[in-house]
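Two complexes come next, and they have one chain in common, chain A, joined by chain B in the first and chain C in the second.
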Partner chain A sequence: MRLMRFVCVLMLCLSLAMMGTGCWDQVELNRASMITGLALEKGNHMKYKVTFEIVNALETDPNKGGKGGTPTAIFTKEGNSIAEAVSRLNESQERYPILAHVRVIVIDEKLAREGINQFMDVLQRNRYIREDVLVLVGKGAPASDFLRTVYARGQYASYKIQTQVEMYRKLFGGIPRSHLYDVAQAILTDGRTLMLGAITISGELEKSESLDAIKTIYPVAIVKLAGAAVFKGDKLIGYLNNERTRMVMLASDYVSTSLFSIPGPGGKPTSSGAVAVQFYHMHSRMKVKMDGQKPSFKLHVEGDGKLTSVDRSIKLTTVKGYEELEHLTSNYVNEQIQETFEYVQKELGVDVFGFGQHYYRYHFQKFKPLAEEWDSLFTTANLEVSSSFTVRRPDLKTQKVEKDGIGP
Partner chain B sequence: MPSKVNLIDTFTMQLVFLLSTAIIFGSPSLVPDSWLVGIIAFFPACLLIVLYCAMLSSKEDMGLYPLLERAWGKVIGKMFILVYSTYFLYIAARNIRDMIELIMSILLRITPVPMLTTLFVFVIAYCALGGIHAIARFASLILWIILFMLATLAVLLMFSSSIILEQMLPFLSKGLWPVVQTAFKHSIWFPYGEIIVFLVFQPQLGGAKRMRKVTFYAFVTTCIILSATDLIQVLTLGIENKKFSVFALLDAARLINIANIITRMDALIALIIMFGTLLKCAIFLYAAMVGVSRIFKKKPEDYAFSLAMLAGAFSILVTRNSAEHVTEGLKYVIYTLHIPLQLLVPLLTLILLRIRYRKGATT
Partner chain C sequence: MNLDNHGHGEQLSSLERVKQFFQSKFGQTTDLAVVSISIGSYEGLLCYLTTMTSSDFIKKQVLKELASPEVSSPPTKEAVFQQLGNNHFAGLTHEVVTDLEQLPPKIVLGYGIILIEGVPMALAVDVRSLNSRSIEEPTTQNVVRGPKEGFTESADTNMSLIRRRFNNVNLRFEKFELGYMTHTAVYIAYLDGEVDTEIVDQVREKLKQSHIDSLFDSGRIEELLHSKGKGMQLFPTVYNSERPDAVCRHMTNKRIAIIVDGSPFVLVVPSIFTDFFKSPEDEYQWFVIGSFSRYLRYFAFILSLTVPALYIAVTSYHQELIPSILLTSIAAQREGIPFPASIEILLMEITFEILREAGTRMPRIVGATISIVGALVLGEAAVQAGVVSNITVIVVSLTAISGFVAPIYTFGSKVRFFRFGMIVLSSVIGLYGLVLGCCLLMIQLTRIESFGVPYLSLFSKWDKRSVT
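The block that comes next holds the complex of A and B.
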């Protein structure tokens, strides 16, 4: 019996030791470093140059504050594949690199022009990189520069860029949703064009790498959002500015909140008397059909919202006033979408709106023979835009505050 | 006369058994509209119930092993019992491997596989030691965990607006025929056909009368839940993207993101498969134990740990990499094991039983 007991105790101890096998790959927090941003460029000696933004956790603590050091450290490694560069990161730094908190992946313009699908696999396959990581294209500056801009709030560059992109997309819609997951979707889905967010830098970058840059009241250099980078297949072919990007995203039903500023009478965008309307729940529907050899698209946009500012006298106590506002908005949006459509047809020649995708999803048998030549068909197509906007309420004033005759 | 397992416990046991690994791997993504495969496979799968019940009722609900002996005679019958025991053990090994593949991919990446497998098979063996009653009661616990996790998953995906209805289109882009083909080639045999293991326990589960009803309900529920999970996978990952996923449900769970707070819900999936596999393997192991003990004339409990270790070793040795594992599962196992042992042998047994024991005739 005593032997039995001894064996049992031994087994229990052993089983406790066995439990520890789950900790085989554990890393202490102070032996690990979080990579928060990646910038991918063409290498000088090898295929790729990868720049890592590694966060210095002590400096980004919002409660205690740092000791005045930089919030991040930037390391650059070259490799013939992205994975190689990552695994060689320890040539430069001492800790275990954790990829799970990557927020932004910036792809260099030159690399993007050669095609991005040659290296996307490592990002999609990795179990730690999240599917909603932002993949952006750095326009007009080397990709690594975007991670080098320090920002007054003491946060690291990629956090700022991520929040900025998401907030901008939510409030204005001028940048495509460019999550890692969207890249795979766009490349796999017929009739859809890959669009990624484009970012650019304004200001003097050389000064911005030092912490002195945030001791001035205006940021020395700042990362700005520059609309969309448009791809053909997986190769970058051009850009759309913020305004046009917003119209494209609106047409493909990605924008639900945005503000339209309708220029005043006079025909010029600068003429006085502008009206601004804010819409909250916007939706768009498209219809695609073939008119002989030419596709013809129909787009309907609808939304409801409120008046934000009106610089001319439109009375909002009458229904007529609202009708006028809605009419103005409708015309404006229709015109803008039409203009964007023609611009895209002429300058880019790819179906960024996703009409092809719609045709592919809903009329697969008809789409199948056209799949190869869809983009060239797209450039010959004509679009009919209609919209119905409803302005619900005027906020706090019934009309523009101005004197209307003598007396109250 | 052994005491019978509660009706509801029987149902939950069969349901969890059918769901456990199928829920992760889903219908194989061989055709775009994979969610339809499960629905189509359901109808022919019901014929299997008819076959098994006919087999049982032809000789007063004896259970699979005695039936085999009665039909084929002592020697050939014993051989078949051995074949079935090995078959059950092999499926258990395959399921352990399925789970290990997932665990190795997402949770414990460096822990040596033999270590994990050994620990896991000990738990399975312990579970099987309790006999069918304990397993059945354990099943109702697991069922709630699985259903709760799945519901959470669906709700969270909905709230992170990852479910896009448009992504299940184009519907039937390759036509209906490949879908039907896949249903007949794969989904009938896995998971539905594996229900044959419950024939072993029929004396405790209540025989043909009960099985007909309970298993049918279990099949219906499985069909609904599996199609729903398949549909969730298609709606979140997109019909084009799904076939690139090794674990489609896991990839769907990774898309959960609610206000940047609720993210990385992969652990839910790992829990589902761990509990499910535990129960499924315990059932297979117990069936193998019963079969072996019938031949070598010892108590089933004596074989628990040794057979469990054997299943664990099988699971590692049986294939070298995951591609081999999957091809073997989708191709060779179906033709060389599933179809003969789930359909042909029971069918022949039934015919033999009908011939040898005509109504009223005694031997």
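The block that comes next holds the complex of A and C.
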């Protein structure tokens, strides 16, 4: 009986302890709101201006359809640190902010030029911000504007941007990987330059803030992907367009699916007779060595894919036709990579390809003395590109639909 | 009672005294028949309980035999008994009794007593003939493919159902009597040579030492058969089944079946955790399908234990674990719901329990009411009224359905009980509470033993050969 009594008292104490101490971090969903996007800018009165995109859950519910309001609400707060601005969010809104579902962090161009290291810590330290959140640079418009463009699909702007970036990267490769952990990796790794995705707005933003903007068939303003923002250290120094970004990413083995459109004979991109080839499973290997004081790079790209369109007559009933296609593709890709390489050397002067990283990994002892001056060495380097592409199938037709002609 | 003091045999020889004795024992009960008969040329007496036999049986099996011409001319009175026993009642269980005191218990069991004036012996013949439910399809453990016979309330039928499946000399039945008011017959059945004799001894001992007043269903002795001091009985350690094939399958696996007269549920000991996830049907079909459904049951068990708790923990403590789109969807539904998630879930779970209880106890004629009202309470109307959210309805229904997947109903009902504990824990300290609850449950599970067999034996010690 005494034992029973003891057990009962113990249970009572335990349950009291649990009831009394529990629940402290409980957040009811209908008293909280999800922050889905952050835009960081230079402040007018304080150091930073942070814009929050907060979801109005009821409006995003596909079943109920909402009451015709906007799917998100935008709040802007200033603070001398990002954390301060976040903590002041409740000056304007009533709910507990859940940071765990932030999907994109847009950094303003001006802020990025000053360096991003000064505020990255809060994003990396906070346990609620996921490591795979996208960090993008807003090109040509204030960062907060990107969260203001409403989109016809009814979802919030940052969701659209996130899936857009991921899908584009997967299907075309014209934007660098720019997750939060990529930032940390690029900053920590020697011989690698930080590249973040760049986004821009086309259209009239003033009209796009209203829901009326999505009632037209042609979106009034839309967020577009604009290639890569290139950093030196942690400071933004320039941009690469989508095409060049793709070549850079292809060279560093980050692109596996993409389509190349090879211009027709005539030399100009607009010449008729273009060939389009879709590749899957692309890979690239690089080799780095020093020719005296000058680095020399070798790059080999390979891939296999299918023919998507051919506007000239190449016979695909013979092996020769395929060989011609493969040859065309190889030449084109080699040229493009070479062109990009030279552009980067001349205009940006930083090793965005990661040759330095490769050298650092495979020849650490040789890289060590060069680490400091690698970027200047990079601008003097030579690149030799080779590629082997395999066209596996021509899809439905073996030949362009045209009359063969009668007679010999 | 004063009759007890006299000698035994002599009392049997005086029919008048026997009548008096019965009167004093049975009182004024109306179902006692004491009939004076004549056996050949001798004066005799026939006693039986009319409620334990049918008049048809008495007429055809007893009176007809007694009136047959061979009986009329035996040399001595004693020889009459010999002849009756050896020739006329050879097909029925019979016994010569010389002690008057032994007669009333026999009568109660359904024996008919035949006495002859002046003979110090009585012949007890089993004339029991009772109406019992015919063998029907089991109602609680259904199979699509497999035998459709189910145990009935009659222990004789049940034993016969088992014997039919074992054409084997090693099958043993042993009889016990339990309940000092009811003297209910309890039989244990096992395969001699297969079964562990120590466990049989333990079962015998437990049945003998039981002090219960009455026994109307095997559920009553389940508690008796739990191993004491081996953890609280949070999980059933006694398997029960309405299906002879399931019980027999267990008996081939060194188990002991316990048949209680009056209960269609036969118990099986020792039982382990995995037994409660097996359905006899698993073995009657392609093993892949059988294994699949068995694993599905384990999965459903985990679901029914944790889903509501997980829902609460995740939505009110760990929103970061839910995919964003799902979270927006949940948040949209929870918009305008007056209660916190935990209260909402508890409310719905209790509502469901009430519905289930009502559905089980309700007379079958009004059964349709339950489904109408239930669908309204747990369904659309509650959501539309804004009392609960859609997702809660999904969670509660998923849990409810999963709870009924266990082939043994008693197991499912215990799981339901733990679910509430999990809900409370997780609504107080989140996922940590859920994990804590699962740990406690696991500790408890590992402590349980059933007749010396660890409850989790198949999991704790992986032996390829022992997996059946």
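Assume the second predicted complex is superposed on the first by the 388 of 408 C-alpha atoms of A that agree within 3 Å, B and C clash if a C-alpha of one lies under 4 Å from a C-alpha of the other, contacts with A are read in each partner's own complex, and residues count from 1 in each chain.
Throughout what follows, contacts are C-beta pairs under 8 Å (C-beta built on N, C-alpha and C of every residue); 3 or more make two chains touch, one makes a residue touch a chain.
A quick note: this is a predicted structure, and the numbers were derived from the prediction, not measured.
Chemist: Specify the outcome, clash or fit, for chain B and chain C once both structures are aligned onto chain A.
Modeler: Aligned on chain A, chain C fits beside chain B.
Chemist: Between chain B and chain C, whom does A:G22 touch in the aligned arrangement: first, second, both, or neither?
Modeler: Both partners, chain B and chain C.
Chemist: Examine A:D132 and indicate which partner it touches, taking first as chain B and second as chain C; both and neither are also allowed.
Modeler: In the superposed model, A:D132 contacts chain B only, not chain C.
Chemist: For A:F364, select first, second, both or neither according to whether it touches chain B, chain C, the two together, or no partner.
Modeler: Once the two structures are laid over each other on A, A:F364 reaches chain B alone.
Chemist: Quick check for you: in the superposed arrangement, does A:Q185 touch first (chain B), second (chain C), both or neither?
Modeler: Touch status of A:Q185: first partner only.
Chemist: Identify the partner contact of A:Y159: answer first if only chain B is touched, second if only chain C is, both if each is, neither if none is.
Modeler: A:Y159 contacts chain C only, not chain B.
Chemist: For the overlay on chain A, what angle lies at chain A between chain B and chain C, C-alpha centres, nearest 10°?
Modeler: One gets 50 degrees for this angle.
Chemist: Looking only at chain A, is it chain B or chain C that touches more of its residues?
Modeler: Counting contacted residues of chain A, the larger count belongs to C.
Chemist: Would you sort A:E335 into first (chain B), second (chain C), both or neither based on which partner it touches?
Modeler: neither
Chemist: After the superposition, what is the least C-alpha distance between chain B and chain C in whole angstrom?
Modeler: 6
Chemist: Can you list the residues of chain A that touch chain B in one structure and chain C in the other?
Modeler: In chain A, positions 18, 22, 25, 130 sit in both the chain B and chain C interfaces.
Chemist: Can you list the chain B residues touching chain A in their complex?
Modeler: These residues of chain B touch chain A: 105-112, 115-116, 119, 166, 169-171, 173, 238, 240-241, 244, 251, 254-255, 257, 263-264.
Chemist: Report the residues of chain C in contact with chain A in the complex, numbered from low to high.
Modeler: Contacts found on chain C: 315-317, 319-320, 324-325, 327-337, 340-341, 425, 427-430, 433.
Chemist: Per the contact definition, I'd like the list of chain A residues that touch chain B in the complex.
Modeler: Its residues touching chain B are 18, 21-22, 24-25, 127, 130-132, 181, 184-185, 188-189, 360-362, 364.
Chemist: Using the touch definition up top, name the residues of chain A that touch chain C in the complex.
Modeler: Listed in rising order, the residues are 18-19, 22-23, 25-30, 32-34, 36, 55, 57-62, 64, 98, 100-101, 103, 128, 130, 159.
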